[in-house]
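Shared chain: chain A. Partners: chain B in the first complex, chain C in the second.
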Partner chain A sequence: MAVSNAVSAPAVTATTKDPAGRPPNRYRRALPQYAAISPFFILFAIFGAFPVLFSIWLSLHSWDGIGAMQWVGLEQYSYLLSDPKFWAAITNTLIIWVLSTVPMLLLALVIANALHNATRFRSFYRIAYFIPNITSVVAVTMVFGSIFSNNFGLLNAFLQSVGLNKIEWLSQPWGIKVAIATIVTWRWVGYNAIIFLAGLQAIPSDVYEAAKVDGASPRQTFWRVTVPMLRPVILFAAITSTIGGLQIFTESQVLLGNSGGPGGAGTTIVSYLYQNAFGANQFGYGAAIGWALFILIVLFSIINWRLIGGDENDRLTSRLRRRAGKEQTDER
Partner chain B sequence: MTLTRRKFLTLSTGGAAAALGLTGCGGSRDSLGGPDELSMWTWVGSVNDSLIGQAEKAIPGATAKRLAMTRIGTSYKTKVLTALAGKSLVPDIVAMNDDVATYFPNADQFLDLHELGADRFKGDFLEWKWKLGITPENRMMAYPMDTGPTALFYRRDLFAKAGVETEPEDVAAAAPDWESYIQLAKKVKAAIPGSAITDNITSIYLYALAQQTKRYMTPDGQYIGDQDHLRQVWDLAVRVVKEGLSANAQADTTDVNAVVTNGRLVAFNAAVWWAQLGPKNAAPATKGNWRVCAPPGGAGNRGGSFLAITKYCKDPEAAFAFITWLESAKNQAEAFLDPVLFPSTPASYDDQRLTAPDPFFGGQRIVDVFAASAEKYPGSYFSPYDSVIATPITAELVNVEVGSKTSDQAWKDAQEQVHRELSRMGAI
Partner chain C sequence: MSAESNHSGRIREVVSHLVLMFGVALSIFPFYWMLVMASNTTPDIFTYPPKLVVGSHLLENMRNVLDNIDFFGAMLITLLASLGVTVLVLFFDSLAAFAFAKYEFPGSKWLFGLLLATFMIPSQLALVPQFVTLAEFGWIGSLKALIIPGAANAFGIFWMRQYARGAIPDELIAAAKVDGAGFFRQYLTVGLPVLRPGLAFLGIFTFINVWNDYLWPLIVMTDPNKLTLQVALQQLNGVYGTDYSMVMAGALMSVVPLIGVFVIGGRHFIADIAAGAVKS
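On to the complex of A and B.
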């Protein structure tokens, strides 16, 4: 406190003592403040804004990383639109995203609810569920790689021991996607559960008491009180999962290598970007893919917002109300 | 120190100016390191540590210079490209892998070693290896390091169990070409079910291609990857799979090591470095059971690296003195012991350090087999686009192996993709 007093006192006297007749130079007076906040902006300009702007510039060029950059205009983008492998990468990513996000968010909700109601060892469970998120993706993927491995994987050994046929997880297009989605789900389910748990704990207990008094079953309480009150948290989890899901890279890279596996069935958008920029040294094309990914993420965030969020439309609640109404009529 | 406002402002504006100065490049075009240092970048396991240790004290043949070496962990090439793109603080010497030709379009970034008198040393090296570092415009961009001669590795114990030839000379005589080798492999498979002679389709393709005198392009830039010589290699790879001789352990999966460990891989036509990556690491229990012999289908080479001096080098003479010393026959023999780099200098092949019997191979003098392969290999032209062309072709081969495409369809799709890629890059 002593320091701040010492600093502010002369500043005040300096401004009041400004000679009359000469208007104080506003810019000069504000300079110290600008200088004080400048480090963030300077660092942001160098490490944030410049790379972003440079990647736009780069996507309009053909560049192998060493020689002169060659201006090609929008050609990278028109090639991108007609590139079947790029579209395949988008399809792969979306399938992996659905395969991982849907079970992940549902499981996370169930786990969060269980954690919320748990009476013993609460901290232990919370830590246990969160641990997958802080383990190394590469190490985890290698472990999963030996679980899903075609010939000598644990999963196939199990399937065969119970008399089923083995599945070539890492050769079949769907097997690859299921394997990647499993790793993603395993890694993020605990993280989302903790976020949901935080949301649950913010719901006032009198709402539940009121529901209890009205004779609501636990199921009705969950769908008609908990879920609607959690909506902002669900929206947050859905959007972050979407962004994360569209950027899946490490799992595919470690599990299947640069090629994305047989038929490129595990090539995600980011791994396709990596293949082009750092595998084939086509940095311009890589930048163009990056911008396509950016547009896609914006698009999906809007869709998510519309589906789950939206203040007045109350889409989720009205849908749930309809479903709950249907359930009631079913029960009768 | 008490922090007054004035001091704080001076410090922060100074820091900001320093940050700007760092990115401003300041017009410097120097290489990395101090004036008495030569900087070198290479990846882990590409040079002998004790030799580098000597050069870090003083470079032999150059006065008052020492080496400052950086081992780049991952994504080596990306980091080299980034440094070159920055046009400042580039290392004096960079190592290059067998994709050396991808740097050819930017050969002007590196010194022409002809001008530094490299031709004096030409006679010391394998002729084909020497040529690989020279661009079609006759600019010597890269100096040879190690090579990757191929040979047939096989499990002597399993061959004995199957009742086929077991001694290296006899196996080589029984399987001089791929046809007779496949027949031999079928005999082994009949006796030992599940036997395979390759981990996957791609390996057969790459090692058969490594025996060819022509690859994907001619030195004058014509695409020949759709011609018969390549289709034959393709068909051979497909045939091995159709005969049931591939283990279907796709690259980059844990299966690749598993087929070595559990003995499914009874034989493998592979490069010298595979011994270390494969059986010695993955299956140490098989020690003494492996042998090597002359490869079916002729001598081949896969892998091997190079050294280049960038144009930012502050003392080209000293850099050249260093690389010629490091890659002399005597020092290449040293690098064979650790980290197992096969010399490109034939004089090393008689060195006691290479001719010592290898207990992993039952005391066999394996250097004789690889040296013969290295000396007989005819050499082939690697174009700047080889890796771009190889990617779709090997990817489509995998589709054949996992059964999602017929061979003809996959070939057609691969050629289409190659044409698309090459026309985009302006190569055809």
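On to the complex of A and C.
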């Protein structure tokens, strides 16, 4: 503590000595602040920025991690574009993403609405819905692996008990994807429901009153008021689910092993990156797959933004807000 | 009119609770099923129709886990990594957040924008070169590889900054300045006490994420005697996949401590997650 006093004292006298504050002083006076933010920037430089730049360099080489790096230019990328396994991994990931995200967001909206209407036991519900999200993916995937298991799985036992045939979930290309998507949905429904609930609660009641005054039916109110007002939150959920969905790895790896299951039907983009870089020691190719993933994430975030966050909706929302505000002042 | 709307309100409430209880059952069922499998013998699980009730072999299955993998060793490594990252993140992130929230200094806006831009980079992009870098440092297989790269993060700084802006009154800082406190002393005496609830959230969030991480430890912890819990668990699953009871006992043992941490600090944690999403 004495030290910090000693640091600040000369800085103060220096500023009083120099009239009209010379620029270098501003920087010197801010030294403690620079020191405070430097750990992040130093760590980011070493473990974030440098690796990202290095991965560009790496993706232009062929390298097994031990021998000499061999310059191949854009060959990794042209191979990538013609690699059927890479395209299969992208297709798998997108199918799993759709199979998980659509039910997840719809169910989350239903649960959020119910939570909004239910006044009792709210903290109990919140914790119960959140626990799937905080538990380890590895443990959870192992449980779901047993539920979907081909021969003795709980799901097949249930199907048989109601007179249906068993399904070889973990051998069929689509069964594998359904199993992975189920795990993802189960883990993230509660999380998204709680975020939607916060969005519902943040809608000011005067907006609803304005809609009522205008004679809107409950359905009109839902589509014209609730959904537009929720748009920022839905956008947040859609973008985070997209980014998360494109990065699925653990579920596939734990459920199906390094191979991604029969025919690689459960191989995701990150699984394919892992297989190439850390299974087959093709570091250059792994880096190129990383860049492809980055481009996909940016692309899908922009699509989400356009679809859900469009300008027109912002205008609608602000118009409703303005009208609500005006009516309030009229009443007064 | 009002009686009628009261009535429909009550129906809506009952329907909501029915929907919610059904959802809770689906949310909790896999944990129950984990316990059922962990407490029965493997042949009992593989009968048709399957046993759906908790059995009496839990301790036996847990002992099997301890015989087959170094469970407590893996737990210790996971705990050290989680605590190490959490402590460093809390310190570095809150310090940086305090500076960004309460001080204007040359380049502060620009630096904060740069920090936000780093959000865009998916962690997998840096995976391969990060591994190469750490191998160059000679850190592969050591706790450092688990702790240091994650010791400060943009999310935490962004989140703590939002929190600090609202929570720390400028008057308190001005008063501390009059008393002659320098920046770090202001952080310790004014910032930290006020930021405590925000730190609790960030701490739980960080701890849970590191505890559950799978891909990064899978890559950097190459020594089979020094695995984290998640990787050890997956190895148990891969090698002894036929002994479901033991595998599930291991899963159960790995999940219980985490749920404990969550139940202790969970309520505020959930509220903060929701608030963060609505603000951004």
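Note that in this section the second predicted complex is superposed on the first by the 267 of 332 C-alpha atoms of A that agree within 3 Å, B and C clash if a C-alpha of one lies under 4 Å from a C-alpha of the other, contacts with A are read in each partner's own complex, and residues count from 1 in each chain.
Just so we're on the same page, contacts are C-beta pairs under 8 Å (C-beta built on N, C-alpha and C of every residue); 3 or more make two chains touch, one makes a residue touch a chain.
A quick note: this is a predicted structure, and the numbers were derived from the prediction, not measured.
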Simultaneous placement of chain C and chain B on chain A, clash or fit: clash
First, second, both or neither for A:F278, with chain B first and chain C second: both
Chain B versus chain C as contact partner of A:G257, first or second or both or neither: both
Which of chain B and chain C A:S78 touches, first, second, both or neither: neither
Which of chain B and chain C A:L43 touches, first, second, both or neither: both
Touched partner set for A:E168, first chain B, second chain C, both or neither: first
Partner chain in contact with A:N25 - chain B first, chain C second, else both or neither: neither
Which of chain B and chain C A:S217 touches, first, second, both or neither: neither
Which of chain B and chain C A:S146 touches, first, second, both or neither: both
First, second, both or neither for A:I66, with chain B first and chain C second: first
Residues of chain A touched, compared between chain B and chain C (which is higher): C
Chain C-contacting residues of chain A that also contact chain B: 7, 32, 36, 39, 43, 46, 65, 142, 145-146, 151-152, 257, 278
Touching residues on chain B, where the partner in the complex is chain A: 2-5, 8-9, 12-13, 15-16, 19-20, 23, 75, 77-78, 81-82, 84-85, 102-103, 105-106, 109, 247-255, 258-259, 262, 387-388, 391, 394-395, 398-399, 401-402, 404, 417, 421, 424-425
Of chain A, residues touching chain C in the complex: 1, 4-5, 7-9, 26-27, 29-30, 32-34, 36-37, 39-41, 43-44, 46-48, 50-52, 54-55, 58, 65, 107, 110-111, 113-115, 117-121, 123, 125-132, 134-140, 142-147, 151-152, 154, 157, 160-161, 186, 189-191, 194-195, 197-199, 202, 232-233, 236-237, 243, 246-247, 249-250, 253-254, 257, 270, 273-274, 277-278, 283, 286-287, 290-291, 293-294, 297-298
Residue numbers on chain C that touch chain A, as the complex places them: 12-13, 15-17, 19-20, 23-24, 26-28, 30-31, 33-34, 37, 45-46, 48-50, 92-93, 95-96, 98-100, 103, 105-106, 108, 111, 115, 118, 120-133, 135, 148-149, 151-154, 157, 180-185, 187-188, 208, 211-212, 214-215, 219, 229-230, 233-234, 237-238, 244, 247-248, 251-252, 254-255, 258-259, 262-263, 266-267, 270, 273-275, 277-278, 280
Contacting residues of chain A [partner chain B, same complex]: 3, 6-7, 11, 32, 35-36, 38-39, 42-43, 46, 62, 64-67, 79, 85, 142, 145-146, 149-153, 168, 170-173, 255-259, 261-264, 275, 278-282
